[in-house]
Each structure stands twice: as C-alpha cells, then as structure tokens.
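Chains here go by letter, A, B, C, D, E and F, matching the order in which they are written, and residues are numbered from 1 within each.
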Amino acid sequence: MTVPASTIWVINPNTTESMTAAMVDCARAVVAPGTHVVGVTSEIGPASIESHYDEALSVPGVLRAVERGERGGADGYVIACFGDPGLDAAREVASGPVVGIAEAAMRTASYLGRGFSVVTTLGRTMGRAADLAEHYGMQRFCRGIHACEIAVLDLDGDPEARKIVTEACRDAIEADGSDVVVLGCAGMADMCASISADLGVPVVDGVTAATLTAQSLVAMGLRTSTRGEFAAPPPKDYLTG
Amino acid sequence: MTVPASTIWVINPNTTESMTAAMVDCARAVVAPGTHVVGVTSEIGPASIESHYDEALSVPGVLRAVERGERGGADGYVIACFGDPGLDAAREVASGPVVGIAEAAMRTASYLGRGFSVVTTLGRTMGRAADLAEHYGMQRFCRGIHACEIAVLDLDGDPEARKIVTEACRDAIEADGSDVVVLGCAGMADMCASISADLGVPVVDGVTAATLTAQSLVAMGLRTSTRGEFAAPPPKDYLTG
Amino acid sequence: MTVPASTIWVINPNTTESMTAAMVDCARAVVAPGTHVVGVTSEIGPASIESHYDEALSVPGVLRAVERGERGGADGYVIACFGDPGLDAAREVASGPVVGIAEAAMRTASYLGRGFSVVTTLGRTMGRAADLAEHYGMQRFCRGIHACEIAVLDLDGDPEARKIVTEACRDAIEADGSDVVVLGCAGMADMCASISADLGVPVVDGVTAATLTAQSLVAMGLRTSTRGEFAAPPPKDYLTG
Amino acid sequence: MTVPASTIWVINPNTTESMTAAMVDCARAVVAPGTHVVGVTSEIGPASIESHYDEALSVPGVLRAVERGERGGADGYVIACFGDPGLDAAREVASGPVVGIAEAAMRTASYLGRGFSVVTTLGRTMGRAADLAEHYGMQRFCRGIHACEIAVLDLDGDPEARKIVTEACRDAIEADGSDVVVLGCAGMADMCASISADLGVPVVDGVTAATLTAQSLVAMGLRTSTRGEFAAPPPKDYLTG
Amino acid sequence: MTVPASTIWVINPNTTESMTAAMVDCARAVVAPGTHVVGVTSEIGPASIESHYDEALSVPGVLRAVERGERGGADGYVIACFGDPGLDAAREVASGPVVGIAEAAMRTASYLGRGFSVVTTLGRTMGRAADLAEHYGMQRFCRGIHACEIAVLDLDGDPEARKIVTEACRDAIEADGSDVVVLGCAGMADMCASISADLGVPVVDGVTAATLTAQSLVAMGLRTSTRGEFAAPPPKDYLTG
Amino acid sequence: MTVPASTIWVINPNTTESMTAAMVDCARAVVAPGTHVVGVTSEIGPASIESHYDEALSVPGVLRAVERGERGGADGYVIACFGDPGLDAAREVASGPVVGIAEAAMRTASYLGRGFSVVTTLGRTMGRAADLAEHYGMQRFCRGIHACEIAVLDLDGDPEARKIVTEACRDAIEADGSDVVVLGCAGMADMCASISADLGVPVVDGVTAATLTAQSLVAMGLRTSTRGEFAAPPPKDYLTG
C-alpha cells in the first residue's frame, strides 16, 4: 500500500527569512519520504514576535500565506511561531489541516512523561504560552513556563545563546520536577538535539512536532471539521486602510 | 471632592458606522456627568465580525484606533465587539484602561445571580464566546451560550430581529436555569431594556457595562499594569504589505 | 441625558465606627456627582473580623443593616469586609444591587493584568479569601494570598502599619510574579494610593471598587435577579435567643 | 483492645424539635455499641432553612450549641442541615471533630459509584448544594442537583411526600446517569431505606453518614487541625443587639 | 536526508487474533514507507475487554508483549485497546515510545475542531473513557461519550454493526454539537472511512492515530523520559500464582 | 438497637506477610466491638509496590483475594496499598463495599483542615498519588506530595526510618502550609500516633481510615452501585499464560 506524497507549508509568521530557512531544515530532517516541506516567510508584519501587539499584527500575513497555499497546492500547514498566531482563522480558510507549533509541541511532550517545562525567549511572552497550554488542554502537563530573556532575533546571532538556553532548560526541569522540555520559540529548533544530549531528557521542538503532526493528519485524510465553527467564513466587505 | 471629567473612546471594531452611532447612544445614557463618550469606527477590516477570520482582520483597525486615541486624549477605551478583538494588544499600547464588552458584560452579570446565559448572533461565534468566558474566569457563571442565527448587520434592518432575540433569550434562561441574560453582540445594545422588561430578569449589554467599567477605572486612577506582560511592546521593524 | 442621583449604603460589618468613617472617605473621593455614599456601622457582632467565628456572628448585623436600608431609601449596598459576610443572604432581601468588597476588588483587578496578589491582615483569614477567589471565578487571576500579620484594629493605630503592609505588597508581587495588588482588608483602603506610588503597580482597594460597581449597576438599572435562588426568602418563624 | 465510648452531638440547626427526634432515631440505628448520640435542637433562628437568609440566621444557634457541647462532654459534632451552616466556625470552637451532613453524604456516596444525584427540597437551595459540592471536592461525583419542591416542614406532614421524593430520585438518576442518590435534606433521613429498596441503588442519608464519620474520627483520635486557619478564634468584643 | 526505517509493535491487549489482523491492516494503510507494523496478540487475559476487571487482567499480557518487543527490536509500541491498559507500566519497561489508542485518538481529534464525541461499545466502559479524557487533558474537547451497546466481539460478526455504530455517531455529534467523532474501540478501526463519508465530519480511529504518533516520535528520536516516574522499575521479587 | 457484627478483609496487595500483620494490628485498634478484621496477603505479584509496573502486576492478586473473600464471608474490603491497585475492578466483583487506603486517607483528612500534605516512600510514586488525589476529588485539599526516599520494605527494618519519615512530614506541612499529614504508604501505619504527637497536627493513616470507612458503609447497608459501570463483569474467556 502506498501513502501518496504530500506537501506541508511551514509558515513563519515573522518576516525574517533566515529563521524560515533554519526551521525548514529541521522539519526536513524528520519527515517521511514523499513529504515535501515548503518554507514560507510572511510578507507583512513584524520582524519577530515578542508582544501581543506583534502577534496581532502578524496574523494578516499568516492568513495571506494560507490563502496562497490554497492556490499553490498545500496539503497541510504549520504555523511556526510559539504563539500560534491566527490558528483558528487559518483553519477556517485552509482545506487541509493546520497545526500550530505550540499545540504540537505540548501535545507531543504529553506522550513522554507526566510534566514538561516550557523555555521561551522573553518573559513577557510567558502569559501567551500559559493561555495556549490551557486552550490545548495541556495545562495539567505544563509544570512551568520559563524565560531565558534572549530576544528572538538574538537566538541566532548571540554565540552564548545556546548555552544560556541550555542552562535555562536545566534550571526549569529542576525547579518544576518535570520530565520533558518544550522549546518555546521556533528559533530554538536547531538547538533541540544538543540540549537533549546535555540534559538527558526528551526535548521537543514544535516545528518538527507540528510538521510530523500535519504529515500524519494528511496521511489519515483528516482536516479541520467544517461542521460549524470552522466552516469557511461568510463573505464580507473589507475596508483596506 | 470632585472627580475630574474623563473621556472614554468606544471603538467599534467593524467598519459599519451606524452600529457605532447606536452603541454610543446607549453608552451616553448611563455615564456619569463629566464622562465624555467618543464613538470611533474602525477604518480598516470587515463590515461585521462573524468568524475567527473576520475577527483576526479587525484587530489592526482596533489598534490603529487606540493609537489615535493616545494622541487624542482618550482616558480609557472600550472595544465594542463581543469577541473582544485585540484586547491584550490594545492594553500594551494604551496609557489608560481598556475594557472589552464581553469581559465587562460577563463580569457585570456575575454580580446579579448564580448564572447567566449568553445570546449571540450566529452559532459559529459561540466557540469564541466560550473561550472568553473561560479566559475571564466567568465559565462558572456562564450556563450556556446560544445563537439566534441573525447576522450582525440584520439586527438593525430586520423588523423581526428584536422579537427573535427576545425569544432566544427566553428559551436560553429556561434551558439553562439561569438568572441573567448577557447580550452577545454590540448590535443588540438597544434591545437591552425591552428584553429585560419582557422577561423579568436582568439583561446586561456589554457596551454600557464596559463604558461604566472604564469610567470607574479612570475614576480610581487605575490602568493596565506595566510590570511585565503588558508593558509597551519593544520597537520592531514592520513590513506593510 | 441625565442619570438620576443614587444612594449607596456602605455597610461596615464590624462595630468599629472609626473604620466606617475612614472607608466612607475613600468611597466619596471617587464616586460620580450625584452619588451619595452613606456609611453604616453594624450594631451587633464583633469589633473586627478575623476568624470564621467572627464572620459568622457579623452576618445578622449586616442583614439588619440591609433591612434598614430598604426602609431608608438605599439604591445599592456595599458589604465592606473582605470576607464579604452575608452577601448571598443580603441579595435575597435587598431590592437594589449588593456588592462585596472582595468580589469587586478581585474583578476590578482582573481588568488590569494577568494576575494579582492579595495582601491581607492575619494569616488565618487567607483560607476565606481563597474560597472567595474561587467562588467569584477569580482563582485564575489570583496568584497568591499573603498576610502581613497585623490585626485589623492595629492597621490604624500602629505607626508602622503602612510600611509593613507596603513591604508585604512588594514581596507578594515579587513572589507571585503578579501585575496588580489587591488590598485584603477594608481597613487598608486609605493606604491604596501610597502603596501604588511606592510599588509602581496598580493597587485595588475593595471599598472604592465596590462602591463604583454598585454605582454602575444602579445607573444601568440592574439588580440581583429574583428568578430563583435570590428571590425574597419565604416567610418563616424565627426564635430569638 | 477496646475503643472507649464516645458521645456525638447531632445538632439540628433549625428550631423544629420533631425533626431532631426523627434524625436522632436514624443515627442511633447505625452507630457502634458504645457510641452515644445526643440530639440538640437549636434555640435561636428559623423553624426551617430554605434560603441563604435562613441559613445565615441559623448559624449563631449552631455555634451556641457547640459551645454548650464543649461544656457538656461532646466528643464530636454533626451539623444536621444539608447547607452545613456554620461548619467552618464550629470547627474553630469545637475540641472534637465537626462533620456536616452534606459533606459526609457526598463523600460517602463517592465510595459507591462514579456519580451521584442530589435530591433536595426547594429549587432555591440547589445553588448552596452546588457550592458545597465544589467546596468539598465532590463536584466531579455530583452529576446533578434536583428539587422535589416540597417545603422542609412538609416532608413529615405531607402523606404524599415520600412518594414524591422517591419519584424525584428515580427521575434524577435516570436524567443524570448516576449510580447513587444523596438525600439533600436532614428531614428525608427516614426515607432512605425505602427509596433504596424502590430504586435498587444505594441511597445516602447525610445524618447517618455524618454520625458514623464523626464516630470514626473520634475512634482514630482525629480532630480539626489547630495549626492555622482553624485555631481557636482570637478573643474579641462583641455587641449584642 | 533519510529517516531510517522503524518498527512499530501494535499490541492487541485481548486474545482475539482476528481483531489484531484487522487493526494491523488499518495501520499499514497509513504509515510512511520504511515503517514496519508488527501486530501482536496478547497471550494471556480476556478475549475482549468490557469491564474494569477485564482490563485489569489484560495488563500482564500487555507487559509481557512489551518485554518481548524489547528483545525483538521494536522501536515503538501501540497499545490497541481504547482503555489504554497498562500504558504507564509499559512506559517504564519500553526503551521506545509507547502510545495508547485512546490518548492518540483524542489528541488527534483535538487538532480538528472545538469538540469531539466518543462512540464506544458498551455503556459500562464510558466511565473509563471519561477518566482517560481527563487524564490526557482532553476533557475540554470531549463533549460526550456514547455507547452503541454492541459487544466488542460482535462488531465484526454482526452485519448490522456498522450501521448501528454509524447512527450512534450521527446522534452523538448532533446531541453534543461536536465537530469530530472519535471511535472508542479498536474493533471499529475499519469503519472509520465509511462513517466519515456518511456523516461529513472527520472521524478518528485510534489505531491509525497511535501508530502514526509512534512513527513520528521515533522519527524525532523521542521516547518516554527516564528522569523520574518512568525510569526502569526497581528489581523486585515476584510470586507467580 | 444492635448493629450486627461485620467482617472486613484488609488485603495487602504485596506478598510481604509481615506488612499485613502490622497493618492489621493498626486496624484492630480502632474498629468497633463486633467488627472483625481479617488480614489477607496477596499470593501473587511483587514483594512491594514501587512502580507502575509493580502496581499493575499486583492487581491480579488483589482480585483473586476479593474472589476468595466473596466465598469466605467478607462484608467489606480494604485494599491496603496507597496506589489503591485494582480498586475499580474489585468493586465489580465484590458484593460488599471496597475502600482504598489512599481514597479513605485523603477523604478523612479533608474533614480536618483546609489542606493536607502526603508523605510517601519513593519519589517515583508521587505521580500515582497525584492521579488518585484528582480522581477522588481531593486535589483541592492536597497541597503537596513528598517523598522520604525510603523503600517500602526498609520502613520496617531501618531503625532511622521513623525519624526520617517524621522529619519529612514536618518539612512537608511547613512547605505546603498545610494542616494535616496523610501517610502515603500502608507500611507507615504504625508510625501515625508518634508523628502526630511530634508534630502537633492530625496525621491520617489510610489503613485505619479505610477500615473504619468500610465498617461504616457496612453498618449503613451501603455497597457499590450495580446500576451500570460497576455491575458484575460480563463472563468472558480468559487465557492464562
């Protein structure tokens, strides 16, 4: 029996192309033969997402990317920012499944132990992560959310970043008594293996977790239900400022 | 002792000016002497908000309105759509308090009985209302969310609308065993008194509830804490598509 | 349009008149023109409320005060002790809205950030505050409840009290990572502004918050629903010991 | 080994002596040899408890009874009204354990199946029962609270009462899909066996459940912790109106 | 880049080989090239699992199968009964990830809409499904659990079974207002596609969902954390009866 | 009136007879005249229970003991391991009530204060205790679960054990701010009185608490409901490996 090839669009909700490239590399390393990963950088919005304001203004770009994907043959989508911006809206307009990296990371971690610790970038984003943990039913597994206070765009440039993130993870599992680490930023994807090796616990990166979740949903022929809330949005007049 | 005059901007997140006018009338009928209500219609986004997609695309307009309010002397803000679009982001950029009509309506209703029923427009928006009830801690008071299946812009034009909404409210309190009705759309604000008279229970409209909440917060000198999550967002490069 | 004048009875459930006077001053400083605040000291019960036993024995006095208010033209009521003694019973007998200072303080704080810390008097009262936070749906906002171990009646007399309370508030927001302080005793009302100035975060006093909530409910014509649980109590024979 | 004799005071919080007599009979039928049950009728307060107002005004009488019990050799106490009035306060003043009939009934029922239905008297008391179910951690077992709309004092006099209560229990377990019935009024204690026989499910009466719980706590030498919240209340001046 | 081939053992906790064969067919239809699915039928325990008693007695067989898998080159495991029997214990002894079909089905469904309905075999198993929904954090997505009252081993033999299950699914989504169906028995796996076609909503089968989840975890190099609770069990003397 | 004599089987789920003897002594010290306590040591399974694996493999022995009790005149059962292994299954096969020591200990503690701390043996068993606290509705009372890191079978042999457990209890109530201690292992039963004396707080041992709970249920004529989930399991073919 042969599962047909599928194409997953990994959408970076910020406008920084180097981040897109790095996360696509991570996703490609784990997908099955026949799964094509397409990286897409948002064309409008903030260069990185570190506030509710940034996140709100990233959503129109995410939705525009999904609309392009619909015309471009995407079978499934990943929204690759840990705030999962625009996820509900994207599900209304996509014909294939849409997976956020926070939801996939947390749910993946929930298979691996009793509790996980999230380690994210700036402390001001911890509230959003807590909201999502609750929204996804993962509050009972999420034992703590911690910040390493490195700005998103410094994760790549700062030579000390990997070390700081690793130590934040070590402190987190100790403080929380948790079994698993969840990396709280798409920009940390390429640190996943080394942190796991250093700490001796499973470390989950949302970009790979979400891409494989999308791959699996496509393989099973599953997509967002259109029975009610997530049916295509009713047509409407829009003013563009 | 004299409480100084204050100015509350009531922002309609959709672009339909007649709705703004109607809701401002309701707010002005209840504010204290010295409270000025300014109605603001969003300049970009959808004509009405009936999906996650509409709501997501209304947020940039809400934030632009708040930014204008900051320059225009607003002491406090109301976001006058029952999905409370952009509330967290608005709190980061406003120097005065920001109140959503869903949060104010639900919390106001929670003073009036053990449980309330929400009656909203289209069934597909019930999920968002449920999310907000939980987010605001009002899940324990919210006994049910019901739709009357009238589109937002038909609330005004349809001569039968008031009757249909009233009957939906009657059915809701009966089915839920609730004490109070919460109207789930800013476009229902002017039906509040008549429904309460017909049903013999308190009926809460979010526009008036939120405006008076903002008035009270301003009177007490209270605004969103800037201690962490809701501090001004860090400056960032933005691409505008 | 003119909102008619209204009268709010602020009931002090303990029998200490100096506390009533101080809290009424705080309430009067924030109400709208046309709102009359009447301070009422309970005529029976304990001099201060610092146990479940004290609280239970304060309730008959609260109810007697409400019954006087019904004859005396009260439009709304505030129960001005952080245990909100007798709130449900008062709602059954009052024809206007009744607001507890704990419920109003917590709900007001919930508009101002993700989480608040309560700072109260004696540690033995923290359990009651936790019960109320849950009962009002505010558990998710309440990040911690802390005691400064000053007896209620020493808040006024002890020259060090304001300093001790302020430091307890500072420690609380640090320990809890919270955005807002809620003062857990009516006797702290007059410390509100200075603590906020010292700490740089919003500080909510329940007496003012509840008085303005009652003012707003009256302005909207809202009172406790009489549809079921809170209808007037059935007449009954009472033995008076 | 011999467990010493113990004395349990069963306090009826209302002033109706015939109810006390009936419930004491039920308790005596199940206690161990050596356990003495003393029935105590409150000397002040309402003839029956059917509102928050009644309940509030019953508490001083309950506390007075406990204070008498302390002088009279009580080893443990039962508060025999399904609203468990004054339970926290009684625990502060009693030197032996204090058990409410609602808490004992619900916790006892939780050993017997996945879920129970509560059947109480008037619908207006259902809210209190729901509060208690939550407070005692029994919300997950409590599948529904139902009223038979018989006034407390008519349970005894009305020849149809037993039949009506039985049918309400039958409807409740059917509607809730529950395994067990909890009788929601001390005045139903003597119906327990016949309802169980008629319905074929366990039926729990709180008076017997609480008396045996108190008996067991005394046998194990356990009483309310005095470590903090439930230590003896601090002495205080009281005004008696 | 090439993801290496992996082997997933799908363990049927009951002793009925025909069920194993049917479920393995379903799993093989969706796995990626390079994923080998090995079906394993338990050698001890009940022929089908329809009570807590059956489930308890199936666990030793599941653990024995995992121990064989450890020697036989399994990279990951699926426990293919909707009660997820022995899951925690299996995680202690397996060196690769272990996934239950209930947990995978529910978490997979949670990507596809706001709420799902579970349709299972006998009503007496609904309690276990509810326990698992809570344990996995899926309670908020699980809107109802329904039984079609077909015994497990009759799912295959009864020509009417598919029709009865389909109608139970239709009734369930209608009653619950849910978006998605979760099939509550491994024996329903081969009905998944036809029910989805008939009802027009996503239908999730746990066997395929769990197999793909195990495949993804293996691809990411993730397994149960050994940091604490799920470390290898301490050696112990065992009596075999 | 005379309550007839009853027989409670206290089943030790591990195979260590000295533990059975010690716990039966504790139970006999508190039961009523006329209650016979029969100690039963499991005939198959692990010598002590310190992992999910141990617990799973202890269940068949527990069920076999209950089946013997049914033939041997048991009126009620206690499962005397803090993981309450096999409790749901035992309820399906027993004709009298079945009580786990974790459930009885936690529910008993909930009558004695606002919160308890559990002190158990090895840290790896804390997760199971947390699961049970939630399952029994006791999460809100359970303020912390702590390990003293003494293996079960060393509780008896190690002369330092009592001291270590006592200090762990002292640290626990301090860290948790709790009122009561729950001993998290049947092997600690005989330390109960001395720890309570040392710490000045109530200390609850599950063996005695469960035995008295079973005694009370039998006295009231209550047993597990057979209305649905806990009816006798359907007959089934079993393979014995």
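Just so it is clear, contacts are C-beta pairs under 8 Å (C-beta built on N, C-alpha and C of every residue); 3 or more make two chains touch, one makes a residue touch a chain.
Predicted model, so just to flag it, every value in this text is computed and none were measured.
Colleague: If we look at chain D and chain E, which chains touch each of them?
Modeller: Touches both chain D and chain E: F.
Colleague: With over half of the numbers shared counting as same, classify the chain B/chain C interface as same or different.
Modeller: Counting shared over all numbers used gives more than one half: same.
Colleague: What's the farthest chain from chain E if centres are computed as the mean of the Cα atoms?
Modeller: Farthest by centroid: C.
Colleague: Averaging over Cα atoms per chain, report the distance between chain A and chain C in Å.
Modeller: So the centroids are 44 Å from each other.
Colleague: Starting from the mean Cα coordinates of chain E and chain F, work out the distance between those two points in Å.
Modeller: 31
Colleague: State, to the nearest whole Å, the distance from the C-alpha centre of chain A to the C-alpha centre of chain D.
Modeller: Computed value for the inter-centroid distance: 52 Å.
Colleague: So which stretches of chain F touch two or more other chains?
Modeller: Residues 114, 127, 228-230 of chain F touch two or more partner chains.
Colleague: Considering only which chains touch which, how would you classify the arrangement: line, ring, star, complete or other?
Modeller: The chain contacts form a single closed ring, each chain touching exactly two others.
Colleague: How would you write out the ring of chains in order, opening with chain E and then chain F?
Modeller: E, F, D, C, B, A
Colleague: Give the list of chain F residues in touch with chain D in this complex.
Modeller: 1-3, 28-35, 97, 99, 103, 107-108, 110-114, 136-141, 173, 177-180, 193, 196, 200-202, 204, 208-209, 212-213, 215-217, 219-225, 227-230
Colleague: What part of chain D is in contact with chain C in the complex they form?
Modeller: So the residues of chain D in touch with chain C come to 15, 42-48, 50-57, 59-61, 63-64, 86, 88-89, 91-93, 123-124, 126-127, 131, 134-135, 151, 228-231, 233-234, 236-241.
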